[in-house]
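Below are two complexes that have subunit A in common, paired first with subunit B and then with subunit C.
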Partner chain A sequence: MTEISHYRQIWSHRTPRARLLLWAGWLALVALFVWCWQVMTQDTIWFFVADAPQQAADIGRRMLPPRWSYLPELMQPLWDTLNIATLGTLGGVIMAVPVAFFAARNTTPSVTLLRPVALFIIVASRSINSLIWALLLVAIIGPGLLAGIVAIALRSIGFVGKLLYEAIEETDARQIEAIEATGASAAQVLSYGIVPQIMPAFWGITVFRWDINIRESTILGLVGAGGIGLKLQGSLNTLAWSQVSVILLLILGTVVLSEWVSSRVRQAII
Partner chain B sequence: MLTLEGLSKTYKTGDAALTEVSLSVPKGQIMGLIGPSGAGKSTLIRCINRLVDPTAGRILLGDVDLVRLGKADLRRQRRRIGMIFQEYALVERLTVMENVLSGRLGYVPFWRSFLRRYPGPDIQRAYQLLDRVGLIDHADKRADALSGGQRQRVGIARALAQDPELLLVDEPTASLDPKTSRQIMRLLTEICAERGLPAIVNIHDVPLAQQFMQRIVGLRAGRVVFDGAPDQLTHDALTAIYGEEDWNAMRQGDDEQSQAEAEARDRMAALAR
Partner chain C sequence: MTTQRYPTTWRRPPQILKDRRWRIAIQIGIVVYLFLAIGTVEVNWSRVYDGLERGQRFVMGFLQPDFTSRWRDISQGLVESLTMTLTSTVIGVAISVPIGIGAARNLAPRWVYYVCRAIIAVSRALQEVIIAIFFVAMFGFGPFAGFLTLSFATIGFIAKLVADDIEEIDEAQVEAVRATGASWAQLVNYAVQPQVMPRLIGLSLYRLDINFRESAVIGIVGAGGIGATLNTAIDRYEYDSAGAILLIIIGIVMIAEYSSSYLRKFLQ
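Up next, the complex of A and B:
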């Protein structure tokens, strides 16, 4: 083991030039942060910021204790909210499935025409928040549950479509090939080669989206699309803080419950 | 009887996988296809049921030329050709029975296959085949719950459910241990003998091929360089197929490997003491 002394003891991970650039980069980032901070705080009225803890404490005092007698009145809107989420998810999934099959490279009937159209539908649906969908739909089909359901459905197409088409593209080609080799028709290849492979992903995505939709549908009422959000807006407008706290706790409970359900379902599938 | 005439396949990249391959497989013959990786064994098998489209030549199964078929005709002809795959290629999330019945897909309308409402005779036959391959008790298990050897048996039953006139077998034992490999090869050869079924078997393992095949065809760089009985497969013939250097290197590699393993074992034993 004596020959080792022939070799250098110095080794560095980066070249001197790379080290210099790295330092310069960090310096530039810090400078940018300082500059941004100045721009940001230019218009801040510090009096209000200094006041913030008192304001928060004040609202907190008004919120407590929650007015629990308000709870029975909330059951109907809560039921509406759950319906918006569930029916919206259902509608979204029904529309998303064909879109996903058109968008997946290995199942699309035409790469040049239908695939871009399907991808555009997915992007368009994803780029618009459900609150904005709801705003548009309240204007088009009037306020109420239907607007909420359609808004949730339209927003879900993109989410479900994208994840599902990725799952379709990740299927094992050998299993599909084996079904093709038996002389199966295209529809049979779909139902025997591809569908069994994407079923776990499909249920996982659907339940996940349902879980998200419950959260999203609680705020749709703010723009008049029905559900518990309507009550929230009403209470906020009348400064009934003790009712607001009841609603927020109810939403929290519902979301926790839906998250529990969705995680149980996903566990059962996978 | 299967006849290949001047079969060639050139991939889009310009690689000539097969060049002017001509051979015929008579009824009841089990033909082993050997050759180094990339010699075109898989391409040859896949050309026959058109999972790969050949560039030139004719493939006659009986008197049908498989190369010139349209989509619908191709589907009808594929029913006559059973295929068994290297990694089994079962639909993992379906049950064993569904996998075997999927061999009938070319014969039943979509609604029957979708609702899993297969005709009585098909179901009876599927049970009979599962019994033949020794898996009748596993019919309702999911395919991914089986061991490798069992899965390959399901693969065999699926191919036979097609009532094929020809079996294409792509490296049936590549992912199996030596004992299971022999059991699977024995089952395959028995079944082919029972039914007078011709088969083309891609195989890496030369001794295994010599033990079970009636005829061996050697491919090298897409051309047939050997065609004869297993006992004609001499050292020279193997050299013609695998190449002098490769052939020796392969054996030497084996020796080196086992030497290294023995040394490692000795060292471990010394350490343990």
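Up next, the complex of A and C:
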């Protein structure tokens, strides 16, 4: 009687070779992590780190209770913040629309020249955060709401442009061909063939970006670009933690509200 | 004899707001809002005019970036940013996997689900910069505070998407593994993990990319990295160095974006 040996083998998911490679990969990742950790923490003062729970408790004690009487003073900065976000979105969308039409493969006037330029504008705008844009613009055009609005607008170009040009590239070619068959000019094709197809996506993207912009505009004041962040910066500099907690709660409320509005609007459109 | 007049023009019907009254109301509302909003924006035009010359200098600095004279500071900031990015992504993903499993309705008991979802909500609601301010106040200046900030932000992002992904897995495979008499841990290991692993790796790479971008920002509030170097360069009006730093950031982000999208395609 022979024993059936291969039933007794323990099943394993991968071949030994694959397992070895996988282990090597994980080991490399761990080694890289340890090395990065060493490099990163060589200047860390561990006394401050050990001290952190005490600091946290101290800050927590100073933050509570929130100084609610500070709230009326915040209404004007809040209005400014909303304006930065809304006007910035408006400006960004106005600039993003032509960029998107230049970047989309099926509407661009020249694939070799204009499309790479449009794509570079999109990448450059996307990779620089609005806080950095604000930092630059405050240095250039001075502190105030205008710097914040322009920063938000410049940042929005990349986001809106990228999503919009993808929507343009995904339009149904048959509808455009049907419009072309009626003898429509290029402008008429754009207006009757492409625009109706991307309209829902356009409004969805705009409202989505507006929501993100509300979130980002609350902190632009930290570098002097106006809005509620300016009050936050002031309170932090004077160590008025009980005012900081009021501002943070207000920001949180605004963000949650704008997120709700944006998700409702997007549901209604799409 | 009357022939019905054939229409020679056609107007496109409205797409989104079908009711005419709503359209008019919203248009009036927009105009009123723009009036009010633009009215409260005070612009010091003479300051803007003065700034144009500076803006021109900045554009010149961007076109002729100066990598060499501040290279020591730039390279130190870059090393801080890159190490911060990697360590925070690794730690953040490692913490967010158990939280993500706990926040999946089909794997965790009710109370664990609510606790984990609350952690995710807190982490997502707060801006990175605001968290960074607090961590800098607690842990002192430097990349360690930035590392903690990015790890914290990573938890909310990865854990939520992993949890949503686990909730959408194919239940038939789970059923099959459960039918063999597998324990809960074996269930997670053999039925859930293979289904969500490709997406988890893709999300981690994407988060690595985001963390680098954010590491450039949180330096402005003192959490180390290239952002601190950039802030100093702009404060000192050294626009050619600032231009160099911005070009480096754009370059690294582009490389990271292309390689991570390539890797994600390769893995899936």
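By definition in this document, the second predicted complex is superposed on the first by the 237 of 270 C-alpha atoms of A that agree within 3 Å, B and C clash if a C-alpha of one lies under 4 Å from a C-alpha of the other, contacts with A are read in each partner's own complex, and residues count from 1 in each chain.
By our rule, a contact is a pair of C-beta atoms (placed from the backbone, for glycine too) under 8 Å apart; a residue touches a chain by one contact, two chains touch by 3 or more.
Note that the structure is predicted; figures quoted are calculated from it, not measured.
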Superposed partners subunit B and subunit C on subunit A - clash or fit: clash
First (subunit B), second (subunit C), both or neither touched by A:L20: neither
Which superposed partner A:A28 touches (first subunit B, second subunit C, both, neither): neither
Which superposed partner A:I94 touches (first subunit B, second subunit C, both, neither): neither
Which superposed partner A:L113 touches (first subunit B, second subunit C, both, neither): neither
Touching partner for A:L131 - first (subunit B), second (subunit C), both, neither: second
Subunit B versus subunit C as contact partner of A:P196, first or second or both or neither: both
Per-residue contact with subunit A, leading partner among subunit C and subunit B: C
Those residues of subunit A which subunit B touches in one complex and subunit C touches in the other: 192, 196, 199-200
In the complex, subunit C residues that touch subunit A: 12, 15-16, 33, 37-38, 40-44, 47-48, 50-52, 54-55, 58, 79-80, 82-84, 86-87, 90, 125-127, 129-130, 133-134, 137-140, 142-144, 147, 194, 213-214, 216-217, 220-221, 227, 230-231, 234-235, 237, 242, 246, 249-250, 253-254, 257
Sites on subunit A touched by subunit C in the complex: 13, 29, 32-33, 36-37, 39-41, 43-45, 48-49, 52, 55-56, 59, 79-80, 83, 86-87, 123-124, 126-129, 131-132, 135-136, 139-142, 144-146, 149, 192, 196, 199-200, 203, 215-216, 218-219, 222-223, 236, 248, 251-252, 255-256, 269
Touch list for subunit B against partner subunit A, complex: 49, 51, 75-79, 81, 83, 85, 87, 89-94, 98, 102-107, 110, 113-114, 158, 162
Touch list for subunit A against partner subunit B, complex: 172, 174-175, 177-185, 187-188, 191-193, 196-197, 199-200
